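I have a structure here, written as structure tokens, and I will follow up with some questions on it.
Note that the chains take the letters A, B, C and D in the order they are written out, and that residue 1 is the start of every chain.
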Amino acid sequence: MTHAVASKQDKFTFGLWTVGWRAQDPFGDATRAPVDPVESVHRLAELGAYGVTFHDDDLVPFGAGAGERDRIVARFKVALDETGMVVPMATTNLFTHPMFKEGALTANDRGVRRFALRKVMRNLDLAAELGATTYVFWGGREGSEVDVAKDVRTALDRYREGLDLLASYVVDNGYDIRFAVEPKPNEPRGDILLPTVGHALAFISSLDHADMVGVNPEVGHEQMSNLNFVHGIAQALWHGKLFHIDLNGQHGPKFDQDLVFGHGDLVSAFGLVDLLENGGATGAPAYDGPRHFDYKPHRTEDLDGVWRSAAANMRTYLMLRERARAFRADPEVQEALEACGAVDLASPTLADGESWKELRSDTSSFEEYDVEAAAARGYGVARLDQLMVEHLLGER
Amino acid sequence: MTHAVASKQDKFTFGLWTVGWRAQDPFGDATRAPVDPVESVHRLAELGAYGVTFHDDDLVPFGAGAGERDRIVARFKVALDETGMVVPMATTNLFTHPMFKEGALTANDRGVRRFALRKVMRNLDLAAELGATTYVFWGGREGSEVDVAKDVRTALDRYREGLDLLASYVVDNGYDIRFAVEPKPNEPRGDILLPTVGHALAFISSLDHADMVGVNPEVGHEQMSNLNFVHGIAQALWHGKLFHIDLNGQHGPKFDQDLVFGHGDLVSAFGLVDLLENGGATGAPAYDGPRHFDYKPHRTEDLDGVWRSAAANMRTYLMLRERARAFRADPEVQEALEACGAVDLASPTLADGESWKELRSDTSSFEEYDVEAAAARGYGVARLDQLMVEHLLGER
Amino acid sequence: MTHAVASKQDKFTFGLWTVGWRAQDPFGDATRAPVDPVESVHRLAELGAYGVTFHDDDLVPFGAGAGERDRIVARFKVALDETGMVVPMATTNLFTHPMFKEGALTANDRGVRRFALRKVMRNLDLAAELGATTYVFWGGREGSEVDVAKDVRTALDRYREGLDLLASYVVDNGYDIRFAVEPKPNEPRGDILLPTVGHALAFISSLDHADMVGVNPEVGHEQMSNLNFVHGIAQALWHGKLFHIDLNGQHGPKFDQDLVFGHGDLVSAFGLVDLLENGGATGAPAYDGPRHFDYKPHRTEDLDGVWRSAAANMRTYLMLRERARAFRADPEVQEALEACGAVDLASPTLADGESWKELRSDTSSFEEYDVEAAAARGYGVARLDQLMVEHLLGER
Amino acid sequence: MTHAVASKQDKFTFGLWTVGWRAQDPFGDATRAPVDPVESVHRLAELGAYGVTFHDDDLVPFGAGAGERDRIVARFKVALDETGMVVPMATTNLFTHPMFKEGALTANDRGVRRFALRKVMRNLDLAAELGATTYVFWGGREGSEVDVAKDVRTALDRYREGLDLLASYVVDNGYDIRFAVEPKPNEPRGDILLPTVGHALAFISSLDHADMVGVNPEVGHEQMSNLNFVHGIAQALWHGKLFHIDLNGQHGPKFDQDLVFGHGDLVSAFGLVDLLENGGATGAPAYDGPRHFDYKPHRTEDLDGVWRSAAANMRTYLMLRERARAFRADPEVQEALEACGAVDLASPTLADGESWKELRSDTSSFEEYDVEAAAARGYGVARLDQLMVEHLLGER
């Protein structure tokens, strides 16, 4: 058994909006009172967290004056100092206010687009001041419900224009900040631009400052499209673009559930922790940034349930980490991986220096290849599959 | 009413495997006899098609000797000559034979990978000989069912290695061929690599010959993940990467249905034709390649149903094209687009020469911006939405 | 073209909560001011509607005193009288107030369950007073997020207990009211009890007053599970249980979109109208109750968009009705239906008076049956399919 | 740790078609040689199984003569005798042969319907002879791709006619057999009749011999619609209709994967085993029939993988059973269940003898009810949720 307790080295972080969610939903009023961000910092620190993250409006209400803003920020910094908590990431709320109903960086209304850029710039200053090194862009309102009402190519032009401007703002101000685009397929819009990790990665490659922009994938967002989250993260890593990650749970294609990490698809959560911590079959740790929980405590819960669920995220992660390490250390697993050819996959298909010419002349590769033997080979995936499940269940 | 009849200018093409599908499915045996590819060429030509496409094994059985192969190809060319049909695209079957059960270009078994490359090279020669200018890669077996059994990053290394080699083969041989990667999220594998248009676009940006590689999206493949196909195509166009397109129909996340084009999500099909033909709101034709149908005639049908369904694809496309043109030409639609701001979206967010410095100094953009007025604006999407439906229904 | 204008004979009704939706969503604040129910009655009447429906709290705020309640109801009745609008259906809001967060009729807390029953009883009185003959039960909070936290069998006991009590209340008070259970798979709960038309029908068969309880299926709710709505309605009709229907649109498995009717899956909407109006292939009208729209105007819209979208629901229904009638009247369609065997399906499988004994002795049915001829038969579904699409597009 | 080994008391059964699946899929040829059913009986017996089940054509090829049939059956019986294996369930293949392409019991073609009935009758004789007490009906071909081409109400008439006839056949022949209808939403048909457990339960209530007909739900089939399988099973149990169950795994809405039990949604599998073995929160075993695995070994596997995957189903079930028992025995769990009100749910909402009249007079239930206190109550679901996950992971 684990007996593991979360500590700062584990780099667990939480959005202020997670434990602070008041549990209003499309069919129901809020069930919980607001939580003071300072209280959240203290409680999360006690539970072993490493830091917190925030949208501008989570900390400072929309429309607050400079004085109120300064007082709030000062008080928040005290809490950080008292607890040793850090703020590795910040982001902008470009979705709650009705002015953003038709979009923010890609709104049809140019005034809204300009306002949105200013709102981001203002919070970038605060993010830098608080030491954040990642700034997330979730374009929850960038999208449409009706295809003919929104020109997607033009919208992408505006999206790129906005991110290019903001990147130059960061660069010119000398901020040590990278951007992370967070994809989501839908909700609140019928269809959101950059719906998956793949679409975001492709978009990023078109940016002026592509090097400083990566992705911030969220477990549930990809699973809302029933995509394999582990595969998506692996591809993001392959592109060198996993700048941040949002951990939570989801039960497939339905509304965005934001469950506790591991409480949705547990087998996928195991695969994810194995990838992040062990690098999967390749064997090197794959990600060393914050393990950021972006979840919502059930609407049925009072504050006791809020803090319990916060702890549950960390504890589940630690249990999975332990099991993933044991899995990789198990000689039977190593043998099974060898047998299934997972190791051979690392050998280039071409021999050193071989081009298509040599390959075409190699009759052993085609003309004389034993097709039937290749067809008969068993890959032993069933064995590996069950070894994984047994490690996950703590049976080994 | 349309009275439109398909003609070669419409550039309608069909895979030999579509009308030739024998209707074997996971729970049932074939219900139709094989169709001779020569027969397909003639019948499709009579129906107004422009060309046909093929997997190597559609035309020449796997393992056929050189003599048989030559005879088949010669006879096929005669049919093309007699009918004036072209072959604008070809592809490789790297999924039917059991040897590919664990992958082809990304198989764990290096011998399988080498064989797969050779199989592609051989069919590239034939594709070039037949005048194809697009070569499609659908990696139906590149994937896994068990996350821990396949290292995705290493698999992507092999995928890239394979495509880089094949691109150099095309370049070195002077073939006038571009590659088009076809994404699919699953089926036949539990999860397939490059599951969406976005993932494929991102992957392509990493290739040695990225310029000659684009995507071949298929309506149903994106809709199997409940993604907005029109949005995906728009993003592919935005990246300059819509090299080819597979038209068909699908009823959301379930097995791959390959319905007749328009017989799935008809509203989306209208939006797609509007985008391809009219460029959407921006107003310029967006795609001038073949309109390629990749569908399967219902398993309940005999050959009469096969040819009727082939004709239905083209006829439905033409009806949608006519309605999309009328939609764009309707002054009320133009007024509604203006009103909803779809036109303003084309104006850059920044003024000419404006940088973040000027924007930050512009108090009208933030400090004095009338947030409440922006929040109160109605966008008139409901009006546009209904105009679209009425045009689609032939009511206007 | 249609030129049809909605009129009271079309029996179009709207929930007060539809045009009155203030467009607050999980990520955004309300974008529209409240609409006075009296205003809604007048505007909808002008647009050609037949009636309105309501949750208790749509009309009378939760917790209002008797005096306020009487004033509101009196004023509402005046509006009905002035416009000739009827109230054919009413329902209870058992989901907005935080007290219902863990359920209402199936809440773990017995006090909540008793309160919920009283809330329903009170509104049944008002429903009867306003002439409603259908009372809907949508158990939006009856469900759970965690399987082990809710005993479903016990919850169904409580659900049945509640509906049995309320049915006896209706019977004992002599109200001319039938109940209609509205299924939904999820949202706002992770999983809702009675998730589909089928589950609701099965549950109803267990009730004390099963005869007075039917279903109120909603287009989008079944499509959130990617189920075929037309099939579900047909089964409900087959059981004699289609007591009411909620028309709207949805783009497959995602959050509950409540689009305008026909603006989601248009082919399915055609099949639905054909079934409701023409009885499908059997040829008799299948449903004569209100055509009730339960949709939400896009959040991007102001009030102009609200009333336009209300009108769009009715107009789209009328256009589909016209096309469905033309489809059934088309001799080519009738011939195609004959050819595909849709007509033969109405012939019993057994001859008159035949039992299994005669069937077993009939060697023509098995021993001598021409299996290959049966396998070779083409059903002509492709032809019918395209005839349907062409009628839908207004091409015929 | 478990160390549990499957034994006959665990009542694990397998379809002959599971380990015998040759791994042909929609895009690929078979990868494995046929497995002799006699071999399957022996191997499964060695692994600890209790019995096997079969479609008629799994054992005796379609169209085999009486002599071949008798020889095959005799040989199969020897294997059963030698191993002590039983045959608790049988079923009919009404889907593989092309003659069933448009349906079987609901085919438009009356001759096909009659043939199908005879095919079932013949195999009912064999099922009875082999001691099967459950006979499953999976109507894989009963459905359609095009709504207007199939009258669902008439099809349900034929479905009922067929099952009524077959039930009378069983009764008249004195067979100790009950029927179990197996729902599935789609695949191989675009939409299948009786798509969920709910639809099947409702249909059954309309049958002449409703008492002898229940359901045979399959994990993956409900999960293909993203429905909660545990909820569906609980409702089936509530109706007294869980006559049989098919255990396997699935990754949400996509093609039918038939994974090893637990290798899809593991949290749901835990909830299921808890319900079947412990009765969930109510505490009594809920099901005592066979635990029947209806899965497919990965297509990548040779026979070693086949037998390993068969063993994996049983072993995973046993591990989950052990964890579910420990969960229910844990005092902290019991306390948490008490706290969340799961226990109170068993108390009727009405007092003994209370009718609506007494409830309406009880001012404590409504007029004086402390709504705010009810709204403030925390249900402690977060705590229970995490206790469940920790038991599942073997941490407690």
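Please note the rule applied: a residue touches a chain if its C-beta (ideal position, glycine included) is under 8 Å from a C-beta of that chain, and two chains touch if they have at least 3 such contacts.
Here the structure is a predicted model, which means the values were calculated and not measured.
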Fill in: Chain pair, A-D or A-B, that carries the greater number of C-beta contacts
A-B
Worksheet item: For chain A and chain C, what's the span in angstrom between their mean Cα positions?
Response: 38
Discussion item. Measuring centre to centre with CA averages, how many angstrom lie between chain A and chain D?
Written reply: 36
Worksheet item: Between chain A and chain B, what's the gap in Å when you average each chain's C-alpha atoms?
Response: 29
Item to complete: Check each residue of chain B and list the ones that touch at least two other chains.
Response: 31, 97-98, 101-102, 145-146, 185, 191, 226, 251-254, 263, 267, 298, 300, 375-377, 379, 381, 385
Practice prompt. Draw the chains as points, connect those that touch, then say whether the picture is a line, ring, star, complete or other.
Written response: complete
Worksheet item: Where on chain B does chain C make contact in their complex?
Response: 1-2, 31, 223, 226, 251-254, 260, 262-267, 297-298, 300-306, 308-309, 311-312, 315-316, 319-320, 323, 375-383, 385-386, 389-390, 392-396
Worksheet item: Which of the residues in chain A come into contact with chain B in the complex?
Response: 63, 97-99, 101-102, 105-115, 117-119, 121-122, 144-158, 161-162, 165-166, 168-169, 172, 185, 191, 193-203, 205-206, 225-228, 230-232, 234-235, 237-239, 253, 267-268, 271, 274-275, 280-282, 327, 337, 340-342, 344-350, 355-356, 359-360, 362, 365-366, 369, 371, 374-377, 379, 381, 384-385, 388
Fill in: Residue numbers on chain B that touch chain D, as the complex places them
23-31, 95-98, 100-102, 140-141, 145-146, 185-188, 190-191, 224, 251-257, 259, 263, 298-300
